[in-house]
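Multiple structures follow.
In the two complexes that follow, chain A is the common piece, with chain B as its partner first and chain C second.
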Partner chain A sequence: MTSPPPMATLALPTVALDALLRSMADDEFVVGFTDSEWTGIAPLLEEDIAMSSLSQDELGHATALYGLLAELTGGDADALAYDREPADYRHARLLDHGRGDWALTMARRYLYETADAVRLEAIAGGRWSPLADLVAKIVREERYHLMHVEAWLDRLATGSDDTYARLTTALDELGPDAGTVFTPLPDEQALIDAGILAAPMRELEDRWRAAIAPAFARLALPPIPPTVDPDSGRTDHGAAFDWLWSEFTMVRGSDVGATW
Partner chain B sequence: MTRDRDGAPAPAIEAWEVFRQEKDGDPMRHGGSVMAPDAELAAHYARELFGRRQESVRLWIVRRGDVVDLDDPDLLQPPLDRSFKKPGGYVMRDKLAAARQASGQAKPKARSR
Partner chain C sequence: MTGTIPAPTERAVRDALAEIPDPELPVVSIVELGMIHRVAVDEGGIRVAILPTFIGCPAIGMIEASIAARLAAFDRPVEVRTSFEIPWTSDRISEVGRRALATAGIAPPAAPHDVRCPWCASDQVAMDSAFGPTQCRSLYYCRACRQPFEALKSV
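Moving on, here comes the complex of A and B:
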């Protein structure tokens, strides 16, 4: 593999890069925290451990991405993660449905993980090495996440009438928001011009829809509908996120400024 | 398509034995067991329980029912004196040392890990 020429720091499209890192970090942070709600109550002990471990992986990715964002903007990773108001988070609306039952959780994970894989592929090999290098590592962990959730999608779709009904109900709820992972970023053309992102989000969304279509057809699942209200795909988070925010800021808020 | 429309019972959750290799060249050692409904999920759970901290380079996951279990005392703990089958009576050390000296070969080092 030939490495691309190094990019001068001055040439970084800071505003667009901030938006990209923030969206990725917030996605991983929110999906990780939401999934961690299963700790202690997952369908069986082994799955409980697996789910908790997956959640930790996602929070680990968020930590690394917030760290990169903090370096870029001169901020603090913990402050980015915990000290914003709910309206200032930029995760995809797909992740704003609350924990739900196991089928909803697996449906959300499937939609998110497959979308994230397409997004990561468009960033790996990019010209800003701090992000490209991190993404190369994240991709290796996400491989297992995909295997895990694909196994569950198969089992829920083919297990029984009940599991199929629960899965399709979950997909009905999440489907209109699924494409919000690809909400266009402010000034995203600057990322493409700088060689940080391989293609516009709209194009990545098309790739993602094409990527999951065969599995949906094989499992007789209803296709994912077009995204509803795509422009607010990473704002307008709603009550479920307000609750999650109050949960994940509770400890830090209990003793502001404490060193942990 | 294997969807079961007849409401057949969910697959039974059963035990899988997990063997792990800590690093290349090490023997596979028994790590423990996981409960899972099938081989694929058993592999996922084994990975989470015995591999998520980078403590293994390889796992073997075996359905407990597929393990050949032998615990027959007539076969394993026969009552007669079988001490003559143990190698303790044959001290090889001095003979080996003499043979090495005769051939000019050094004692091999412990296998590198």
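Moving on, here comes the complex of A and C:
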């Protein structure tokens, strides 16, 4: 494969890059932790294994992205993942609905994975090679995630009246927050000028809506509505995230500074 | 900085790495899996860059420790790091590695319709689940010999 051209003399847009890495890492971290709640209780043995493996992938991606952020800012990847207050996480509000039932989980995964695919495509081939190289690797793993959620959207939409009703109820709940994956980042234009991000988040959101519209039409699912309160899409997290945060910080908080 | 024995050749370092089994697939070495990206030997010591098969692979720490332990025999500083400079892809697995996997009952990576049963070589196989016991494996069933088996994911 060919490497992207080096950044040459362009200075890195540190503030915007920090925001981009933080949003991607927090998304993967939160979706990975939420889905890991299914380990042991998924409706089928194969799905129990699938959710565990998917979560392991997402947490691996988060670890690598926090690692890049730590190198950029001189911080520590574990501290970034575990030592912030809930209000300081920058994941999309789409991921703040709690574990929910299987239909809600698959609907959330479908909306998130398809949105993430559009975002990754806009970063792959970018001019900052540490991120572009990592994203090229992430995309190869995410193909399996897309196959999984596409199959489940189909299965739930066409399975029975009950599965269709559960899926549409889940989409009603998640829909107004689905576009928050594309919440504009602070100083986003600097990323575009530096060749790190191919297009503004608003434009990526339009691409994503166009990408999923045929599947929704084919499966007679209601279209995803416009995002409610889009500017706070990565800041207002609510009670479900407070609970998740207390879960994933519990071990680290129980003996601060411990190592093994 | 130099040790008390002469600097090894890059070849000697690669031969030593070929003795290290993958912790999750011990029938193949990390060299046969195609995980070695770069080996450099110079005045400063030995530097090895490895390509993770999957980004979140929990065996990476063990593999780095195994490399450091094995190369300690060369009596000079060893630096092991992971790299994403190029992505690890399943076509990096050597022919020897592919045969060793099949002998152990794990179908080597192939497009889903090209996967063959590692036990009876039949093409009458079905994917049960894309996700298996480790990040890099899928679950299959052979309709010909009625055996479940695992296949390495094609990435």
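For the reader, a short list of remarks on this structure follows.
Just so we're on the same page, the second predicted complex is superposed on the first by the 252 of 260 C-alpha atoms of A that agree within 3 Å, B and C clash if a C-alpha of one lies under 4 Å from a C-alpha of the other, contacts with A are read in each partner's own complex, and residues count from 1 in each chain.
The rule is short, and it goes like this: a contact is a pair of C-beta atoms (placed from the backbone, for glycine too) under 8 Å apart; a residue touches a chain by one contact, two chains touch by 3 or more.
Please read these numbers as outputs of a predicted model, since none were measured by experiment.
By the touch criterion stated above, A:137 is placed in contact with chain C alone, chain B being left untouched.
Using the contact criterion defined above for the overlaid structures, shared-chain residue A:53 touches chain B and also reaches chain C. Touch criterion met: A:220 reaches chain B, while chain C stays clear of it. Shared-chain residue A:158: touches chain B; no touch with chain C. In the superposition on chain A, A:61 makes contact with chain C only, not with chain B.
Residue contacts after overlaying the shared chain place A:256 against neither chain B nor chain C.
After overlaying the two complexes on the shared chain, residue contacts for A:147 are found with chain B and with chain C alike. Looking at the superposed arrangement, the partner reaching more residues of chain A, out of chain B and chain C, is C. Once the two complexes are overlaid on chain A, the chain A residues touched by chain B in the first and by chain C in the second are 46, 49-50, 53, 144, 147-148. Contacts from chain B toward chain A in the complex involve residues 1-5, 7-8, 10, 13, 34-36, 40-41, 44-45, 47-49, 52. The residues of chain A lying in touch with chain C in their complex are 1, 3, 46, 49-50, 52-54, 56-61, 63-64, 129-130, 133-134, 136-138, 140-141, 143-144, 147-148.
Contact residues on chain A toward chain B in their complex (touch as defined above): 44-47, 49-50, 53, 144, 147-148, 151, 157-161, 164, 220. Per the touch definition, chain C reaches chain A in the complex via residues 54-58, 84-89, 128-135, 139, 153, 155.
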